[in-house]
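Just passing along the structure, written as structure tokens.
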Amino acid sequence: MNAMNRPDAAPPPLLETRDLLIKFGGVTAADHVSMQIEAGKNLAIIGPNGAGKTTFLNICTGWLKPHKGKVFLEGEDITPLPPRKIVRRGVARAFQIPQLFTEHTALENLLISAAAREGLRNPLQNLHNISQRDEMMHLLDLVHCTDVADRVVVELSEGQRKLIDIAVALALKPRLLLMDEPTSGVASSQKHEVMEILVGALAEAGVTSVFVEHDMGIVERHADEVAVWNAGNVQLRGTPREILEHPDVIRDVIGEEVA
Amino acid sequence: MDLTIFLLALFDGISYAALVFIVALGLTLIFGVMRILNVAHGSLYAIGAYATVSLTGFVLSLGLAPVLSFPLMLISAVLVGVLLGGPIEWLLLRRIYDKPEVLQLLVTFAVFMILEDVQRLVWGTQPYFQASALQALGNVTLFGVTYTVYQLILLSVVAMGLLFGLRFFLRHTVIGKLILATTEDREAAQSIGIDADRVFLFTFIVGAVLAGLGGALASPTTSILPGMGADMIVLSFAVVATAGLGQIEGAAVAALLIGLGRSFAIYVWPEVAVLVPYLIMVLVLLVRPQGLFGTSVARKI
Amino acid sequence: MKKLLLTTAICVAMPLAAMAADKPEALKIGMTTFLTGPASVFGVPARDAMDIFVKNLNAEGGINGVPVEVTYIDEGAGAEALTSEYRRVAETEGAEVMLASISSGNCQTLAPLAEDLKVPNLMWDCGTQRIFEEGSYDYVFRPQGNATSEMLAAVAYLLKTHPDFKTIAVVNQDYAWGRDSWDIFRTALEVMKPDVKVVGEFFPKFGAPDFSTEISRLQALRPDVVLSTSWGGDLDTFVQQAFQRGLMNNSTFVLPLAESSLERLGSSLPAGHVVGARGDHYFLHPERRDDADFQSFMKQYKEATGDIPVYSVFHASQAFAALKTAYEKAIADNGVDWPDEDQLLAALKGLEFQGLGRSLHMREDNQGVESQLMGTSAQAGEYPFATLENIMIFDGEGLLPPVGETSIDWIKGLDASFVDGLTVKTYEN
Amino acid sequence: MSDISQHSPSRGLVKSGSLPSMRALLTLLAVLLLAAVPFIAPSMQLLINLALAKGLAVLGVTILLRAGQVSFGHALFFGISAYAGAFLTASLPGADIVLVLIAGVLGAALSGLLVGLFVVRYRGIFFGMLNLAFSMIFWSILEKFYHITGGADGIRLTRPSVLGMALERDSFEAVIFYLSVVLMVGLGWFTLRWFASPVGQIFQTIKTNETRLEYLGLSPKRALLSGYLLSAMLCGVGGSLMAMTQGVVTPEYVWWVRSAEMVFIAVLGGAGSVRGAFIGALIYEIVRVYASAFAGDIWQMLLGGFLLVIILFAPGGIMGIADSLIGKGGKSRPTTTKEDAQ
């Protein structure tokens, strides 16, 4: 354990990457990324398309293996682990394109998540009768989807599916939640409300979050910290105010958003 | 194993591989373009053989030269492709392109069952044998062992010709390019005005002609009898899966692997010869799940 | 007619002599045969022949006035369909006698079933010698020889005609028949001609479309004799490919089932190779070809099918003859209009009957004793295919182990003198 | 690949309200009718017995269809179980019927685990074809090692005793018949419950989203393996019953056409439907026997035509037709109307 080797140091960060490198063909999607994510904060990642934001999430969750570099979760090297083992260690993920069980209902998606979390094995117990049902209904309520609880998700709107996707991840009771554009499918009039609820829920459950976001308004209001991604690495990092007023950011990132 | 036996096994393996390749070629072409694993391919193979035997028998009974059996093979193959392959695609497969792969596979399985009985109704149950094409080319002796020119040379040449011919056709002709474009992205191809239905029909007919040609070429070397299609289909499945579905050059390599594996097994340990195709398939897929030459598609999230 | 008069006389004389069954509307029999699958090369001709036998018999008034009806069951439809259909015909349709089957595997399934269902069953074509050697049956009879007599005849003919061969290779189909027949053949060869060396054993899979590699090896091995007990398309393919590649010039082929392929092989079976017929079955049977019944059947069969009959037709004729003779005997012996089951079984015990070949009889273990015909192929030019010369017909009695002994054990106790002890008649052609 | 399964995995999760449903009633009636067969139609008993045995194997295939996977080699487990029973009775004459069944299912489970560990890495056509390859390897072994396996003629499975009693054929067949009915009801019920349980639901998500499954901290391979094992064991039960009913096992038990036939029946009955597996097997077996009896040599053609008609015009299979007849419409939301749970 790294922590043991450094008895005098502060406890290791929740998630740390060291020198991550990955290339797709000729494109360097992660260019020696070293980054630390502290517990208890909501970190927003911004940057132009193709800057490597999603790739970063993919590496941190084990979906992609870096060609070089390592990922540590509280000091433990999780680089070689498959996503499921990283999830088991408390890192959940919501996706840009919702990853749901399309033939199941919204509620069932959550129940399956709860069953996965609890490791339910009884072959004779009905999924709908598991004791986590109320908890899951509450989660659905939290993302304003109670009324579609019994609808098959393939019939739902993109926005609803994004929210359920996040709820499925929350149902795992993670310590760290990685989200890829959580509000991208949500109507712009509701974005802030949704983020409000989400951030509240995260704080209540003590979940650290990292979210990729394009909407600077959301970033400004809901992030504790912002990292600006460009050409496969972190270009800048700071509080929302510092970042959003930075001239490079205004030129490279926000300018693009406006365009 | 001394060199002579090694070479003998090599010759046997190649001539066997050539025939298997010709049949597998049609199967893998159809799969590559249409994403359909055509179980009825085996029946088309058998019917190609039956048709050749009948036509050749008829021509010979008129007192014409046995050399005519060569063009008759081609005619039988085309007949199979057009008269059977065409309607199968047009009447059946076209209705199920939006259905799951497995249902498509079951449709071809149903066609297979029907064609098996059609063969029996048309040609009866007695085996046919028509070796005039084989006899017309004579023999060649290597290391004191006599081979037929037909099996050792003609089949290999035809197989090579088809391999390179099909490659050229797909890459350097307009129709070939249309087929490749449709294979890569059907919707995009349609949006630029390619008639995907016609491309599929054409591809299926070509695939069926290849199945028929395989049967036609096999006919002088073997007894034509009910059930011959079922065996061939399993074998060519093994070739196609080993190669990677839709891989034309790969099918040639896989056919050679399986052909050589089988013939060496007969020299070294005859008891396992029949296991060889499946063992090779399992071993290859164990190491490379997508087949020797297949490409794996990573899922985007 | 004489028999019928006799029967009537007995009936009048002893009206209360026996418990008689009611005369049925028709005598229903069920026959399993391959209508589909590779073995339909035997099954379909046998069915065609059966139709002729039944038609002829019914035209003569049937058995004691009772017409015969046959229900055919396809052995090619798979084991479940076969057993359920067999039971349906035996139990629901009320077939009095069943004829089953061609496949040895099916015989092994159906023989115990017939015993349980208590329906008389004639095993009309399957070859396995195991049935009566491994079990005893009251309801199952075999109106034909078995693999042991067939293989021993082949060994005997080979030793008589080619006494000096030194090496042998075998190419048999990879299933029970191919393996069992080679076991018998090899065991016999080991005791009767111990100096022979087995140089190659090949068991290509059943229905193999190509024997090129085996033939290449055989050409390299150059055995004096090549044995193949294959049949149907497998045999045709093997012989054609061997012929084409000149293997048949170097080695003598012994083909105990080739009688059934003669017509199809045409000129591809050259002169000088040993041909067998699973019994004394040959469309030019030297002892029978001038008989009126033989000739009229050959004519009828040719008209109906366009082919010459193969051995399965002869086997069907024997089963049908056994059935007919047993009913007539039971009627006569008991003085009844129609026999009940016990009377029929009693008649079948030790029955003597004659089909298209020589006359046969049933042993006490219900195994038929059938003569075996072997010959050498000749391209005489009379037919567009090979016919036989130097024909030997072996008496069946000497070719079977004594009742209660198993074939392999019995053969192991034999020696070179066995061949000379056999009763055999030889014909030029 | 492919959502071949016409059934939404979540169907049957929610129990329908207090109304005793038509479907449950019909099922009960059908089971009672089956149980009465030996009395009302004794000539059908064997046929139906074989159909039930096959139906259990088809149920195994059906399970995989629920995960969107199709195996063209499940006859492997059918055959392994049958041969295990045959070898057991050969070495232990008069072994008990329970022992034969357990040996068979154990054999199927073990081989299912071994093959499963390998094939769960694959999906779609490759999954199907690899299963085929394994079954063909086993088939070749059965044919090759005929001194042990009896080759193509197979080996006899002598009649086992029943709880220590040696029975005549008639009573034994009655025992096997009712054992099959009980196993059909019991295992059918279990499968329905399993489908609705968390494990079964997780298994069925293979069909729609393995990425999410992985991100729930679960292994898709392990999830598939759990269902694969269950399916292999069900095939094993079917194979064991078939072998004891037939009294003989042959390599034909493993032949690829039999595997294809199982998929055929599953689709015929209604891909993914538990009841459909048995109804499909009954109809298939009856059609096949009567077609081969009365249509001589064109029974394959009839069956092929039948399959085409089902796929093209009634993709929901017989159960789909039945549903629309009962008037519940195939398209309505399954959870509220259709219940698989009895």
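Letters A, B, C and D mark the chains in the order given here, with residues in each chain numbered from 1 onward.
Basically, contacts are C-beta pairs under 8 Å (C-beta built on N, C-alpha and C of every residue); 3 or more make two chains touch, one makes a residue touch a chain.
The model shown is predicted, which means the values in this text are computed figures rather than measured ones.
Steps from chain B to chain D, minimised over paths through touching chains, total 1. Relative to chain D, the most remote chain by averaged C-alpha coordinates is A. Relative to the whole-protein C-alpha centroid, the nearest chain centroid is that of D. Chain A and chain D have Cα centroids lying 43 Å from one another.
If you average the CA atoms of chain C and of chain D, the two centres end up 39 Å from each other.
In terms of their C-alpha centroids, the spacing between chain A and chain B amounts to 50 Å.
Along chain B, residues 120, 271, 274, 301 each make contact with two or more other chains.
Under the contact definition stated at the top, the residues of chain A that touch 2 or more other chains are 95, 99. Multi-chain contact residues of chain D (touching two or more other chains): 3, 140, 143-144, 211, 297, 299-300.
Contacts from chain C toward chain D in the complex involve residues 35-36, 71-74, 77-81, 83-85, 87-88, 91-92, 103-105, 108-109, 112-113, 116, 128, 174-176, 179, 203, 205-206. Against chain C, the residues of chain B that register as touching in their complex are 4-5, 8-9, 11-13, 15-16, 19, 120, 124-129, 131, 134-135, 139, 143-148, 151, 218, 221-228, 231-232, 262-263, 266-267, 270-271, 273-274.
Here chain D touches chain A in the complex through residues 3, 8-10, 13-15, 190, 193-194, 196-202, 204-205, 207-209, 211-212, 214-219, 333, 335-336, 341, going by the rule given at the top. Those residues of chain B that touch chain D in the shared complex are 37, 39, 92, 95-96, 99-103, 105-107, 109-114, 116-118, 120-121, 230, 234, 237-238, 241, 245, 271-272, 274-275, 278-279, 281-282, 285-286, 289-290, 299, 301. For chain C in complex with chain B, the touching residues are 35-38, 40-41, 43-44, 174, 201-205, 207, 209-210, 212-214, 216-217, 219-220, 232-234, 236-237, 240-241, 244-247, 264-266, 268, 307.
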